[in-house]
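Here chain A shows up in two complexes: once beside chain B, once beside chain C.
Let's turn to the complex of A and B:
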């Protein structure tokens, strides 16, 4: 393991400290365990939007605390769900009387703990709603889409939820819009190298220098096909084909496209992916109305990328384009 | 007789006093089938409950919710999550009450059982703590409202269920992977429930 770290067991807390020191206008460490990032002050008169999940995916999840995005976020250990308590504290922070939406990635621990945190909050008369993001088409077939895990597309749902809340919509409306985004979202990734969890100290999985794995998850979960590394256009075509097979693009439709780096892939290569993906989307007769290219949901130092497509309507497009302010949000 | 926060505190004391050896036993049992952390979960959970015992509110629902929080704060394992789920479900069914008739205990346990099934996804018959709980609930419904009789009835129901399932394979969770190996062994979660019931004897 070659990393710029101190003690592996201090990794998460020290990174959070660094984030709060670097961006005090956006991130404040809170909660009884110091495992919650929140905005400097709660914003009253709007629905609160919170999230939470394992660490090691910066900017997901905690990095998206900010104006027009999340109000607070619970932080777990690397690739491990936070327990219910920081989640409850995030909900309590974000609630100013209009209720709170929890945007949750489809992982067992995240789901169960948010379930409990919401029950707890409801006991305190805070209205709570949940939207589960399950965008990875590699994780399960269309008939079992509820079993899919969340990957980079999570960011687009977070943006939609944050913007809808900032626009003053009700908890029901914010939830409906975020759910609509989640329902119309598809992602697929490709991994070229493994990541190393600091506390594990060695690579999560083995992959040869000349190999790639299509559909690998952001914790190194197995994908759908391992094979020889191919030119980027070919890889991109295989990924886009999988996305189209799952949800075709209609002639004249609009989509948002997110080309996400998993941590160790340079921006140059992400632009190569964008270049090919854009050509493929347009060949389908669809139009890219919004796009992002960069590191939006990483897996430590894993090399590789993912492609997310969000099928748009007017409301979703407007929310994605609404202003947001945060160190990591660059539209 | 009624259930109050004071009774809850007494129960926490009794279990916490004896949780050390129970934890060792559960780690050993769990280690044969899973990752051997069930005992750690129990010990950490009950030690943390002891920490908050004096601050438990009089509202029994809130007290049970606080107990759930204390469990989840120290145990990330699925058993910890399920214990917290059980406490929350029981808490919800007595929200706002400070004294609950002991005859309602089976109903509280039934709501806890239902919530654990919904959250954990196991079914009755899978050889989990749910099966022990099921027979305990049935026995308590017959046992009247004398605490000593109730404890005895619960304990013999737990023993009977452990005997009944010893020769069957585990059907859920990590133990399912070792399904064959689990035949002839007691399920650690089932045994944990039995030990907790034993602790409740005055």
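Let's turn to the complex of A and C:
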């Protein structure tokens, strides 16, 4: 296991400590167990937006605490859902009387624990809403889209929710906009190498030196096809074809495009993915109205990339382009 | 070779194209061979600041073209110096009558070609100055510091030079400030894995699964010690000790700290490096007045990190903190 870490059992807490030390203007460690990251102070007069999930995907999830993004975030162990308690503490922190939206990745533990946390919060008269992000088209067909995992597109839903809340919209409105983003979002990944969970100490899966896996999830969940590595243009074409088959791009429409690195892929290669993806979007007669290229949702040292497409309307475009201030948000 | 690329011989040009397509507000491809990246238009009334170097270190070098940073940059092949011509074209682009500072990494080809480009530019009555960045303490001892390589600290010198130019200072002043930054800068790296030059097709060097190399350069140049991988705190301590041995931190002094990922190292691990480095700086009685944590100077898919320390005075601190606008500059 080649990692720059101390003891595996200290990994999550020490990384959170490093993040909070590096960015105190964005991140404060809170909660009864130190597994809740929040902004320096709750922001009154707006809906709270929170999330939570397993660790090892920085900036997802906790790295998106910040102005115009999340107010607080529960943090689990590596690739493991946080407990209900830090989720409840995140909700309690974020609530200033206008209610709290929970942006939740479509993973069993995250959903179940957020359901419980919301129930508990509602007993304290905190209005709660949930939006589930399930953007990975590789995880299930369109008829079973509720079974899809959350991958990098999560970041775009978070931005929409955070911006809508910062704009002073009601909980109903923020929820509707975030749900609209989630509904119009599709992602697909490709993995070239495995990642290693520190406490496991060995790679999550094996993949040959000349192989890739299209559609692999950000914890190493099986994808749609394993095969020989191909030129990046061909790989992009296969990925974009899968996205288009699931939701076509109308002539004259506009999309947000997120080209995401899984952690170990050089920036150079992400720009090659962007280059091809842009050509493909334009060949559909659509237009990229907003884009990001970089490491936005990772799987530690996994090499690979993902492409997320968010089909836009005026409201979603405006919210994506609204200002946000956070160490990892760069638009 | 596990890379998301097309043909190796098209790699550099296609990546540059992707960067220019993604960030047209910052990057325009220019020069007679397409190997010069420049801002959309020259900015008159200020000193021009340019650089250039081998490819495969994005954001270094060309990724720092932008407002408050570089005006133009010459781009070589992977790990190979650019020709004199794109350097001259970068200087010609950046000059608006107040002269041009070239920020040059201490590599033989880069220095020689920039010397020639400056001579040619001076024949066109463009005043040129050069500042050489040689920050890698692993490359040579203090008595031979002129033999040191440029590594990630290059980014901090570029920021100082770009900000000084944007503030309207003269070529003499910009050069003096950038030189002061270069003189007060020290870096050291650690490599965990090799990188692969696309046209070579195989790793630049071999390193065992349980080994690291302290002091390795960003092209795989030999470091000061190869040994078993250790906990990150111990690795940081060894690196910080080498930096302190070369230039101590005075009690009450302040520094800029750059924790840099070499390309394949997860953000999580960089925060562990930051956490320890911060504790060590403070144990010296010094203070971090400015810091960056992220992938600022890479070696494609090399795993590892570097620590750069810039010893600050008021002027340097102010210039580092001055606004800049660029896809890769996030402070």
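Here is the rule we use: the second predicted complex is superposed on the first by the 331 of 331 C-alpha atoms of A that agree within 3 Å, B and C clash if a C-alpha of one lies under 4 Å from a C-alpha of the other, contacts with A are read in each partner's own complex, and residues count from 1 in each chain.
We take it that contacts are C-beta pairs under 8 Å (C-beta built on N, C-alpha and C of every residue); 3 or more make two chains touch, one makes a residue touch a chain.
On a predicted model such as this, the values are computed, not experimentally measured, just so you know.
K.L.:
For A:192, using the defined touch cut-off, is the partner it touches chain B, chain C, both, or neither? Pick first, second, both or neither.
P.N.:
second
K.L.:
Touching A:286, do we find chain B (first), chain C (second), both, or neither?
P.N.:
After superposition on chain A, A:286 lies in contact with neither partner.
K.L.:
Considering only touches as defined above, state whether A:81 meets chain B (first), chain C (second), both or neither.
P.N.:
The answer is first: A:81 touches chain B but not chain C.
K.L.:
If you tally the residues of chain A touched by each partner, is the higher count for chain B or for chain C?
P.N.:
Counted on chain A, the partner with more touching residues turns out to be C.
K.L.:
Quick one: classify A:116 as touching chain B (first), chain C (second), both or neither.
P.N.:
After superposing on A, A:116 lies in contact with chain B but is clear of chain C.
K.L.:
Taking the superposition as given, does A:319 touch the first partner, chain B, the second, chain C, both, or neither?
P.N.:
neither
K.L.:
What part of chain A is shared between its chain B contacts and its chain C contacts?
P.N.:
none
K.L.:
Chain A touches which residues of chain C in the complex?
P.N.:
Chain C reaches chain A through residues 2-7, 11, 14-15, 17-19, 21-22, 55-56, 58-59, 63, 190, 192-193, 209-210, 229, 231-233, 235, 263-275, 278, 291, 293, 295, 298, 300-301, 303-305, 327, 330.
K.L.:
In their shared complex, at which residues does chain A touch chain B?
P.N.:
Against chain B, chain A makes touches at 33, 80-81, 83-85, 88, 109, 112-113, 115-116, 119-120, 123.
K.L.:
Which of the residues in chain B come into contact with chain A in the complex?
P.N.:
For this pair, the touching residues of chain B are 61-62, 65, 68-69, 72-73, 76, 81, 84-85, 88, 91-92, 95, 119.
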